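Chain lettering (A, B, C and D) follows the sequence in which the chains are written, and residue indices restart at 1 in each chain.
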Amino acid sequence: MFVTMKPHATQAEFDAVVEKIKALGLTPHPITGTERKVVAVIGHTGGMDPDDLFGTMPGVAEALRVSQPFKLVSREVKEEDTVIDVGGVPLGGQAIVIMAGPCSVESKDQILETAHAVKAAGACFLRGGAFKPRTSPYEFQGLREDGLKLLALAREQTGLKVVTEVKDTETLDMVASYADVLQIGARNMQNYSLLEKVGALDKPVLLKRGLSATIREWLMAAEYIVSKGNAKVALCERGIRTFETATRNTLDINAIPVLKALTHLPVIVDPSHGIGLRPHVPAIARAGIAAGADGLIIEVHPHPEKALSDGHQSLTPTEFGSLMRQVCVIAGAVGRPVFEPR
Amino acid sequence: MFVTMKPHATQAEFDAVVEKIKALGLTPHPITGTERKVVAVIGHTGGMDPDDLFGTMPGVAEALRVSQPFKLVSREVKEEDTVIDVGGVPLGGQAIVIMAGPCSVESKDQILETAHAVKAAGACFLRGGAFKPRTSPYEFQGLREDGLKLLALAREQTGLKVVTEVKDTETLDMVASYADVLQIGARNMQNYSLLEKVGALDKPVLLKRGLSATIREWLMAAEYIVSKGNAKVALCERGIRTFETATRNTLDINAIPVLKALTHLPVIVDPSHGIGLRPHVPAIARAGIAAGADGLIIEVHPHPEKALSDGHQSLTPTEFGSLMRQVCVIAGAVGRPVFEPR
Amino acid sequence: MFVTMKPHATQAEFDAVVEKIKALGLTPHPITGTERKVVAVIGHTGGMDPDDLFGTMPGVAEALRVSQPFKLVSREVKEEDTVIDVGGVPLGGQAIVIMAGPCSVESKDQILETAHAVKAAGACFLRGGAFKPRTSPYEFQGLREDGLKLLALAREQTGLKVVTEVKDTETLDMVASYADVLQIGARNMQNYSLLEKVGALDKPVLLKRGLSATIREWLMAAEYIVSKGNAKVALCERGIRTFETATRNTLDINAIPVLKALTHLPVIVDPSHGIGLRPHVPAIARAGIAAGADGLIIEVHPHPEKALSDGHQSLTPTEFGSLMRQVCVIAGAVGRPVFEPR
Amino acid sequence: MFVTMKPHATQAEFDAVVEKIKALGLTPHPITGTERKVVAVIGHTGGMDPDDLFGTMPGVAEALRVSQPFKLVSREVKEEDTVIDVGGVPLGGQAIVIMAGPCSVESKDQILETAHAVKAAGACFLRGGAFKPRTSPYEFQGLREDGLKLLALAREQTGLKVVTEVKDTETLDMVASYADVLQIGARNMQNYSLLEKVGALDKPVLLKRGLSATIREWLMAAEYIVSKGNAKVALCERGIRTFETATRNTLDINAIPVLKALTHLPVIVDPSHGIGLRPHVPAIARAGIAAGADGLIIEVHPHPEKALSDGHQSLTPTEFGSLMRQVCVIAGAVGRPVFEPR
């Protein structure tokens, strides 16, 4: 159950609601950082009528039961699409956004060449990892802060917004000081301490789906972030783990329409990880947009054969240009523009 | 290894090839029913040079090694797309075909009403099950031959081609005498006796993917049919089984481009089973076409709420009409027409 | 809902029950071949009281509601363990039975040598495939009837009971004329036509679990057989398909206690297919018995390195002897004897 | 490739090896905290002969190639079983150890009652969560440091060693100051920052398998810890995620023998999470020991029906006592004692 206060409700009115919740033997869970005061009611509320109990209290705008275990991220609680303003670029909403760049930032030349190329092709976000969580402790782990600086330089030169992964709470402040969007990787989707800390920032988040996370668990992970006050969360489908070995992962195309129905958060598709095979990335990119995704994140590398990671799934700038033209046509076919960077 | 004879090669020339294969300690496996004589060479051929051994023999057009375990269905053996002529309707090739109809044939009114509606909306195939393999022995098992007769009646009235499932070898001849396309269901994908018998017919086949079949196993199942002489096989992706419980199955969108690269056979997408949720069927249908599928098979029922099976995933005729318009737009966006029935 | 008649109920009393079911708008489904007359009541029976409706009718022993979708195979309907008498060898019940032999019957020497060896080590069933469903049409498909004759010869010489796979309805009568137990393979678990035909025989059946079948679907497949009158069904867990690639399949050890609670049918474990790696077969065999299985089926080959199929998971006779001693100790630890062939 | 120095090798000898590695264009990765100096050689070493290159250098004991991607945890590098000394209790080795206790520490009475009960029944470790990673931000998250203090109190009263979960780097020092063994949960198996920090401590670790982690990825996660210098790592199989919905997870029994062959680290089985159904925990516990596990971790709660988490899979103390007796018998059957706390 959720109680939402009117815009100008007083603290005393809010406190009265909280007291009433306690008096009913339930636990109030105030949601911080949202525009209006909202309090979640935790406990066994079955049989209670929200409107009857709270609807007529002074300052209360609405009291309603939410059937899903995720609350703040659900369409039941907020019907209209969330549009995240990333320095002038809308993430979510009618226009489709394209994020592109290398798996890892490797060098100044590599990242600048890529940035200029994807900008020219129509991307508005530059992706690139400076901190790389790798399966093996003996593999390249990223350029760390040097990589972040190179991303900032590329932003300066191109105007692209920077999406980069944060892999732990220790480096969160550093990464947040460079990034426009904080990416949380699949392996960290249920790293709750990281989710909570990111939830306390005022910074857009791209939350990737865990390798074997259900849609419900994924939305609960988003709920962790939003319940701490940061409502700027976008979801990224990047493939799940199945028995199929012909592809790196199995992109769950079903998740796109299911998410769009369950939540108001933007949904991005990552075809590069979703299939893991360069020649087939465009087909999956097109499918993602056709299914209703709000954007794409694509791995692009000027020389995939020399990439330090994920070269087999990275497009060349030329291939990316071709993909962008295909995406524009499909976007048009579903009645949506592709956001054009200025 | 495969040896393909020239169009007018003599039986004696063919026999000489077969004898040479035996002399090498290998097993010849002649492929029946193909236009030209072809013989597969089974055994350890590593280190042998096909061209050297067979290329200069009289009557031999080509001898080549095939790296995949599936041979006749692979693009290595036949590069151009297979187009199956179903009484004037091309299955495969440039134009996209739409198959639609109820899960089960339930009554004359139901099947005729559906047939006229899907024809009007632009389908060229009518789907409908007369023999239903059901998980429980106590559930509705189909109208059997009465259902087949109703499908034939609907074909007569509308000109639609009939796609219907054959579930065993006992009823194969009966079903084949009514059907234009024989559907082999997911649970029968590795029913090799059925595959072999269907392979001996001259009748198009729609082979559904098994619930946990890898792409390779699926192509091997198709190889069973083609190796017996029936090359008219189309593949149908209908979702695989994963841990996700929010949807009935997980449509493997990755399979579409992977198949199109590995095989020359047509690929059809079944979004109805692939997601199993009526409101989301159109999104997955669009995604399938955008990913490169050659057609769709969609469950449509005039009164889904009264359907004896699969009502929760069946579209109404009105919803199907809307989906058809979306599909036409997406097809156009990938440069392909939707085949129009005359 | 199920109505069970008294042992000496008359046909008229049974017919009266059937008529009453129809009068209620429901469908009677008489169960054939069981000792007592039983009729399943199909339809919406929610809200009806079985005892009230049928309990006082003449000749009725019991009327009860079954909560599971599987009925005849459930412990709700029959509490005591089913023990199948296979020519004097009890399959199910207190004593543990061991089935062993090669994947395929390959030659007279091979099958006789194996039979004598596994008999000496304590097996009471000889397994061996004469009809092999293979993923590829180009692989060894079994010796067919010649293989069955060799199995019969081995039985004659050793007294072992023969377990062999039946892969289709065409060869069912032939296979049944040689086999003591008909094995239905994983790929045929939902081949309903085969299940129904096997259900009409008076011959024990070993029903393997499908590669991605849920426990419920598996029990429904058993229900198909039993509902046709053949109650002599044992279940065989042989591993399911998961994302793990270090092993051939993932043996679902959880299925053993879950099945023992849900059904009265015997449960056999196949560690050879369940893990697919020779050195680890004994560990999984021990685990199966410790978890409560009623028996094991093990692949044994005199020369695994020369086996035409499954050599990598077959034990040598010596290794099998060692496994048998381990199994006896574990069986003792769970308070059960291993059945000794005479 | 790995180069291991002799026990009394000098720093100069070690440095010479490091320089030679660099001179070859490879990257030296010194392993810290191990008894002897070891350096991993990262890069393309194919075609090089380790012994030829390093074997004769002063101070070098051994240079060898390791075929697996995990190195320090592999049996190739260290053949004998690792036995971790936890304050006098051996984790790993011949004797089997039992860990038991509630999912969450809930109160003083609850944890003390449980501790005394499991001690009496034969456990030597007390498990209990003070920091609980929960799927929902609105669920009970644990008593935090108060919970740790209660665990310490229980240890004081019973002598049991404490196993408790650490969920992030922020609370690591605090948890490590109370715990005898640090548990890393399934969702944190690839939280590399946490693994690295735990690797820098001198404290035993119980590393649970991720929900969809392959055995190889799991061993790579252990390699992260060991490569930072902490060799006291035990692995805990707790079930993987599959399509089966009858059980909470699918315990991968195959993983036990596969791990015992690949690694020298101890392997513990968690049947409580592995099946998630109280009545069936003992069967899976028995199976785990029979398959070769070195210990068990079992959820026990004095009043499962009132537990704040995982009540449906927790045993009562009485049930746990019965399980312990079964485990002792099975352990005896595989020739191993159950470690008895003094």
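Quick note on the criterion: contacts are C-beta pairs under 8 Å (C-beta built on N, C-alpha and C of every residue); 3 or more make two chains touch, one makes a residue touch a chain.
As the structure is a computational prediction, the values presented were derived from the model and not from experiment.
Trainee: So which chain is farthest from chain C, going by the mean of the CA atoms in each chain?
Mentor: Result for the farthest chain: A.
Trainee: So which has more C-beta pairs touching, A-D or A-C?
Mentor: The comparison resolves to A-D.
Trainee: Quick one: chain A and chain C, Cα centre-to-centre, how many Å?
Mentor: Each chain reduced to its C-alpha mean, chain A and chain C end up 49 Å apart.
Trainee: Can you compute the centre-to-centre distance for chain C and chain D, using the mean CA position of each chain? Integer Å is fine.
Mentor: 38
Trainee: Suppose each chain is reduced to the average of its Cα coordinates; what separation in Å results between chain A and chain D?
Mentor: 33
Trainee: Which residues belonging to chain A are in contact with no fewer than two other chains?
Mentor: Residues 212, 241-243, 245.
Trainee: Quick check on the complex: what are the chain A residues that touch chain C?
Mentor: 212, 241-243, 245
Trainee: Where on chain D does chain C make contact in their complex?
Mentor: Chain D reaches chain C through residues 212, 214-216, 240, 242-247, 250-258, 261, 274-275, 277, 279-280, 283-284, 286-292, 326, 329-330, 332-334.
Trainee: Can you tell me which positions in chain D touch chain A when the two form their complex?
Mentor: 29, 40, 42, 69, 71, 133-138, 167-170, 187-188, 190-194, 196, 211-212, 217, 220, 223-224, 227-228, 241
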